[in-house]
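In the part that follows, the structures are each spelled out as structure tokens.
The two complexes that follow have chain A in common; it is paired with chain B in the first and with chain C in the second.
After this line comes the complex of A and B, so read on.
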């Protein structure tokens, strides 16, 4: 029993997947270092980590889906890494949008058309644009020196180890790495209509509750705005007097 | 694969040529409206080849080529104070988003099999995209990035003001745009543009007749999304020099301008396909799914004619209507367009349900539904104009102190 566990552990440690995750997260942590040379090393390590994970994944069979998958997956992973490590919040928001494009591409590759496009519409089209809007008003100069956190020496390695553990557990919980085709019953030809049917029949109450919560939030925002800016009396008399 | 590449080549080539010649058309239209002559000189410069030949003027048809060469040969100046990476990224992203839209927009119906291939050829780059309408919506929201990034990266007051205005405008008018589309989707039950067109062709009732309110809302919102006058606040030459592309020159500026024209062309495609029956015209094109060659070519011709007419209307409106003030623009979006869109959505659903329950499919029933839709349209329009009149007075308001006026702008 112990021998089996030991063998499994040795197998797991020696697999390119484990090394890929380890090297990749080390690269992610190094990207956050203040020195430029370390940052470059971090980018190199992250690329090596992605390549190692890629070696561990089984091939998809056909050439075109394989190339597209590589493109989209690498784009999504690299862009989300850049979104976390960018010093300028505007660049971070743009990298986040790029990683969403990559994710949407992966969804489309699996045949989930609605999910892919909805990701772009909701996240990239609405939420990130609103972020950008606020960031640009707040920080026209990009980043400021006080953004550097003094306890980063502790937080960054901890975050990197956390990322590595989460990815490792997610990967470990997969039974095997055989490519899974899109489930045919869910991705029916008219899957948008089916999705709508599900949302407004089975999940009707949840949809209505979510809508109500959003409405309440909107009304609350308006109430806060009015409270901070009380309605003044018109100044007609003053301007009349001025004439 | 090769089929798709050929279609992409046709669409991009056609769009680029069309954009170039629409610039000429727009300038000639402007001249005509303002009682000028307009650019009519540039043709074939034959005297450059041989001194004894005379230049051909050709009504100024050489002007787009001259403009293009001018843009490419001009100095491409990048100011020192800009954020260089985003400054380059902005025009690229806006043009990519504008061109990618046309992947799901059909430019005809379908070509019959036999001559070109053994199977019928759908005249759209990606046939079978079940969510075509949503793709257009998603890409138009990506186009906002180009404007915001261009304005911010320029590090210039005018650019930034233009970008701020335009992001507020584009986000606000996406809502009435979506509400206008929702009515059509509800009536057809599909997000596929091809199915939306054939639904109109089968009944012969274009959605502009059956959903007039949705048509008006969508039409106005499409003008705003394409940033055409009276909604061209992102640019407004007179106040902001050029808005978000003030700092751009050379080929980067050209990318912005082409993207702008592509937005207008995409908007006209959508208006025609959603509300004017796409390639359908009574007695000419037929409605069956497998047309003959004559019908197939007629359908393309009908579609292109309709789109051309809508674009002419875009250009006429430009010189007929003054620009909105910013508070008017926002009030119009939230207090007029949004309620009208909601009323349209409810009305379409109610009329549809009424028809289903009555089970009556006679032409008289069709007429009744159309009449009800028009009555709802007129009542809603008049009601809105009484409930929230738009302040059209452009003089400074005496009843507001400077603080309030400032917060409006």
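After this line comes the complex of A and C, so read on.
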């Protein structure tokens, strides 16, 4: 039993996936360091990490989807890493939008046409723009010391180690999935029509609830902003005083 | 296409996106960037959900992602309004400003050795000019319709 556990540990440690995760997270942590030379080393390590993870992934079996998957996945992961580590919040928002484009490409590759477009429209089109609006309102000068330093010192390596463990556990706990045939239902010719049918038939109540949530969130956001700005005195009092 | 391998690849990418978002949430101090990292974690979950949906040939994954997008939009509205309120109160987006709420007896967090701002950090994103400037018709410019 102990020997089996030991063998498993050795196998896990020697796999490129483990090394890729470790090296990549170390690279991310170095990207957050204040020294420029460390940041460059961090970029190099992050790229090596992504390459190692890519080597460890099983091949898809077809050339075109494989190349597209490579492109989209690299774009998404690299851009999200850049969003997390860029000093200026404006660049962080823009890199986040780029990462969303990569994710939308991944959705399209899976045959989820509606969701790919919806991600671009809702996330990159609306949410990122709202981010930029708030940035403009709250931080017009753009560059601040707390963005350059973050939680300096001990916090970044600790966070990186924790995250490497989380990713390692997520990836390491994947079982060997049984091979299945191509999905006939999800990849149906009338994909969007089927999706809409499912959404408005089986999940109708959920759609109603989500609509209510959106409305409540809208009213709540307006109420929160109004609470902060005390109302001006109504004009009626003035006219009454003059009467 | 090898469906099992596809699922495995997508789960790894989803895990990576989730982990990167988690790292950013713990490490960054700008409230807006922290919120952005939370959205990134949602993206990782969405990638995994869609991959599972395709593998099991079931619409459940895509349905879940539709609702994730809707709830994320609602969340963005409320959270950004709250961030604006906090900004009005404190005048900064710094999360460390609110460290007065820490537990009693904890030492305060003090910035040490803030790096100088570099010249390349001051560069803003710009748009490159696109398209061709249309040719100006001289005759139309000189034509005065009122005279």
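Annotations
Keep in mind that, in the parts below, the second predicted complex is superposed on the first by the 203 of 243 C-alpha atoms of A that agree within 3 Å, B and C clash if a C-alpha of one lies under 4 Å from a C-alpha of the other, contacts with A are read in each partner's own complex, and residues count from 1 in each chain.
Throughout what follows, a contact is a pair of C-beta atoms (placed from the backbone, for glycine too) under 8 Å apart; a residue touches a chain by one contact, two chains touch by 3 or more.
The structure presented is a predicted model; accordingly, all values stated were derived computationally and were not measured.
In the superposition on chain A, A:118 makes contact with both chain B and chain C. In the superposition on chain A, no contact is made by A:18 with either chain B or chain C. Counting residues of chain A touched by each partner, chain B versus chain C, the larger count belongs to C. In the superposition on chain A, contact of A:94 is made with both chain B and chain C. Of the two partner chains, chain C is the only one touched by A:127; chain B is not.
Residue contacts after overlaying the shared chain place A:136 against chain B, while chain C stays out of touching range.
When the two structures are aligned on the shared chain, A:193 is found in touch with chain B, with no touch to chain C. Taken together, the two complexes place residues 90, 94, 114, 118, 126, 130, 133, 137, 142, 229 of chain A in contact with chain B and also with chain C. Chain contact summary for the complex, chain A toward chain C: residues 17, 24-25, 28-29, 32, 34, 36, 53, 57-62, 65, 69, 73, 76-77, 80-81, 83-85, 87-94, 96, 99-100, 103, 106-107, 110-112, 114-115, 118-119, 122-123, 126-127, 130-131, 133-135, 137-139, 142-153, 155-156, 159-160, 162-164, 166-167, 170-171, 174, 176-187, 194-195, 198-199, 202-203, 206, 210, 213-214, 216-218, 220-222, 224-225, 227-229.
Against chain A, the residues of chain B that register as touching in their complex are 83, 86, 89, 129-131, 134-135, 137-138, 141-142, 144-145, 148-149, 152, 155, 160, 163-164, 167, 171, 189-191, 398-401, 403-404, 407. The residues of chain A lying in touch with chain B in their complex are 90, 94, 97, 113-114, 117-118, 120-121, 124-126, 129-130, 132-133, 136-137, 140, 142, 189-193, 229, 232, 234-236, 239.
Those residues of chain C that touch chain A in the complex are listed here as 1-13, 15-24, 26-30, 32-33, 35-37, 39-40, 43, 46-47, 50-51, 53-55, 57-59, 62-63, 65-67, 69-78, 80-85, 87-89, 92-96, 109, 111-115, 117-118, 121-122, 124-125.
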